[in-house]
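Structure below; questions to follow.
We just call them A, B, C and D in the order they show up, numbering each chain from 1.
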């Protein structure tokens, strides 16, 4: 799913052009259109359809490589590319928590790119690996970032995640039709609890001091095609009025907006005042899937504040996130 | 939905027989089969199908009356029946928080029936009104009841509720197909935050001292037919090991089990050890829809403990709950 | 649903601008944004959001009026507008089978606009009513039009229709979640059996000689958001090879393509060679919802040929159809 | 799915008891509860849960063996069991069209068991293989059987099939959520077109003379959990009134009813007069999933008659069908 979303989003991109495709041996040597059935409503770009799929090894690949690899293989493959001098913009989880690998959300922590030098020193390769967060983490981290100003200390989240987040074939339909599965494999809850601290942290002499926020996550799967929803409660040391929180979200901007990066949404966070929003079917695609929607902010009698947030998991939470990372790096002349 | 579920559950009941049906003027005088299309998979009992629907007024009704009325009319109608000497076993919300009206879950608070005398005195009627909780509350309260022994002080819940909970026609399909609606109207979250304290409380000279538990609720609608799921976190003053909590749930029994009431599930709470349970499609119907399923107990870094619970909303959370209440009252000779 | 789709599609239209909104008394006088909740993923255009809704009466309305009215009121209201000199481009069923009212699919029967003079004479009004077909008919008629050349004589169709076709609130979610309803009210099957003959017919001295095709329809509702699918079998007097049929579909073009109307899809019919297409989730939105997708052409041992077709019911089958009709009329200087 | 359904249906069976389980090498030696996650709402019987799974080879197996094997392996495995003297009651497709193998629906063709002697002679084994039809065929063949009396000559069917029919993991959720897939792999349409003729045929000196009915099938997948629906049109040489057809269905009984077999539904075909039935969510489970529901009989302007039929695909269309076959054979002392 993520690989196809990369290709759909890169069609007509003003800066990048798909010049090479690498995959496992099973697909190597095939035309892309024959390597796997196209499963998105957006059309398969004609020029990519006919490209021959290469192996997942450096050599013929251009300098910038996007990785939507499964974590079972991403570790070795991405290291091989970095060792061969490539800039790897990865959606895989393998290197996210590596101290010198940036775990980027450009609106929040564009300055984490400063880790590049430390990474080359620590890992001994001429290339670079930069990662984006887990798809459920993006929604959470984006809404938490502006709350640091109010003394964010705790966040509890229950997610309701779309089936596209499990890849393809992913969740069997028998398991999810008219059902909820209250568990997501692969350590999903651990990632949601661990990644935001690093994302929200500060660069400190070649490493990240994580933001001190305690997170508790329950992750569930629901019969939704695209869009991860989170029911979130937070503790803020200051006790701002609700309006101030909404204002902080609405005013939130970052480097992508300042630099007018091609994939940047005009407003990274959009607060919806209607009582029954955000909803995946209506809001996941906001601003080409790159804006995170927030709603239902109200008092929580336990933690202080609660709200609902939503983002498009294969765009803002995966392929679009990686492309935004590459756009930032391109403007910073790291690519 | 609840009215039909009453009729389905009472078919072949060993103690009760449907002898009278009352509804709004729109249905009055019609045969039941013609008053509204039957929408359950369980068959419409032939004897009820041909009964003529009466108005929602006392007179021809027998002493015991079940009420699945909409809250817009339940207040006046139920009072009229109680004033006419009927025992009203109600699923409506109107009298739940009335100080002298029992808000019953027989496994938890069968002793709350002691309010009957105070109710007659306070409300001045010869009959009686007894209520069951909101459909989402049953799941929460059942799992919280055994936790009082560990010093239960806080509970945060995000629900994922089935469409049958909204009645009929209820949620338009456009709103919920492959979607999540992060809001349920009619004050659902207020009910979930308010009712458990009373349910878990103690009778104290004709009134209930509520259990001191702070509850925070977010209620959402998901594309599920039957079964409300809750992602729940709790604070317990004692810090029991996880095994002790599971043991407390598994050992939990109440009056319905002691009295072997016809609708009583053998075990009110069933803990499922599998990582991905409970699920509405597999677990909502457990023990004819009367058992609450629990799973995924684990540590919560914020409140201490978290888990997932599930119950059948139109059976354990509505019609089945009311019938169990009536069975208890029958054995206590209140009916 | 259709009214909102009209507004979404007219946002940024090169020729038309929403200048007036009329609705029933319940909405009259309200700002459009307050008259009904916006239910599409496409944004509500800001200029329309603030417009005040007028009554459904002529007077302040501009000459061209789109009607997405319910059939219960469309008859009188549309007649009143036509009598007041308006050109009414209607999606309602009331006048579709009226002998002098064009039932237009511009790719098929743009020449049916020649009925305009006869209509004014017959119905005695200075304005004009032009209609588009039922949403399930468009898919069928589009695929049948090129088959007239092969001696089309019979067509049997079983539809699987999306919930948006029932409007809002439309189908209750309890009825359709993980279910199929093998019936659609409002005479759906009669419309599917009756309308194509007129659409495919010829103008003959101020009336339409219908195309002699016998149609049998079974219409069902499935849990799909947008996109009506038809399983279609046809009898053709000639026995063309399958390739010739595919070629006839693929080569099919009409006035909208010749005139390059703004809403015209480049190819009205797109044949998909994959064995498992078309699918509503992937194909309904093709060419902004204006192209009909066809697939699975093969021999039928009973009628001769069978295939599957799909179109977007609220765009190609309703609002987009009407807008395309108006574009054609604008170019013909009828508006 | 079918294997689990076998175990669920055999729990508490009055004549049969699960004494042995065979599966592929991957499961061999494991306790059944560990070999595959249990995925039905019905509970996994405790005695079967702990049984050790054997290999799929004769030896320790009892005489009667049910086979829910995948067709990729069923051919060899079932032949090996028959060669070893077992009676194999199979749900696999491999031997269904073999001339001397009964393709049984006991209500229709209990007399086809007379092929047993011819099978032993032709295939040279001491055992016996008996099959039940494809899950979509059962629904069609059951409704066609009583129509032979009216000169049944043609039947066109479009199916809307549940995801459980594809087994597990089966259809990926991304492909089917809020979608229709107009194609089912594995030659589904060929089976639907071929099997009914044999089922409806007559034994003639050790072989079956098929009933001369021409069938055209389009098979589709819809987001339904259980229950295959068919939109069916038929040509009947006689032109009976609709009431006569309904009467023929309603009066239909066969050997299972005469013999009061434990799994026999009291009425194999139940005609529902409501305009919008049968529906999978309401009707698939009728009579423990063993009755086929029919509705919407009306005139078809092309073939003469059309209607909608529905049956539970993993019960009446698979495991329940096989068990009914075995019950018939038990009473005939073939087991």
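Here, contacts are C-beta pairs under 8 Å (C-beta built on N, C-alpha and C of every residue); 3 or more make two chains touch, one makes a residue touch a chain.
No experiment lies behind these values; they were computed from the predicted model shown.
Undergrad: Give the label of the chain whose average Cα location is farthest from that of subunit D.
TA: Measuring from the centre of subunit D, the most distant chain centre belongs to A.
Undergrad: Could you compare the number of C-beta pairs in contact for C-D with that for B-C and name the larger?
TA: It is C-D, judged by the count of C-beta pairs in contact.
Undergrad: Taking each chain's centre as the mean of its CA atoms, how far is subunit C from subunit D in angstrom?
TA: Chain centres of subunit C and subunit D, defined by C-alpha means, are spaced 41 Å apart.
Undergrad: So what's the Cα centroid distance for subunit B and subunit C, whole Å?
TA: That gives a centre separation of 47 Å.
Undergrad: Please list all residues of subunit C that touch 2 or more other chains.
TA: Only 39, 175, 177-178, 223-225, 281-282 qualify.
Undergrad: Can you tell me which positions in subunit D touch subunit A when the two form their complex?
TA: 1, 39, 163-164, 168-178, 223-225
Undergrad: Mind listing the subunit A positions that touch subunit B in their complex?
TA: Touching subunit B: residues 154, 156, 158, 160, 175, 177-183, 185, 193, 214-216, 218, 220, 222-225, 229, 231, 233, 275-282, 295-296, 300-303, 306, 308 of subunit A.
Undergrad: Quick one: which bits of subunit D touch subunit B in the complex? Just the residue numbers, please.
TA: Those in contact with subunit B are residues 37, 39-41, 177-178, 225, 274, 281-283, 285.
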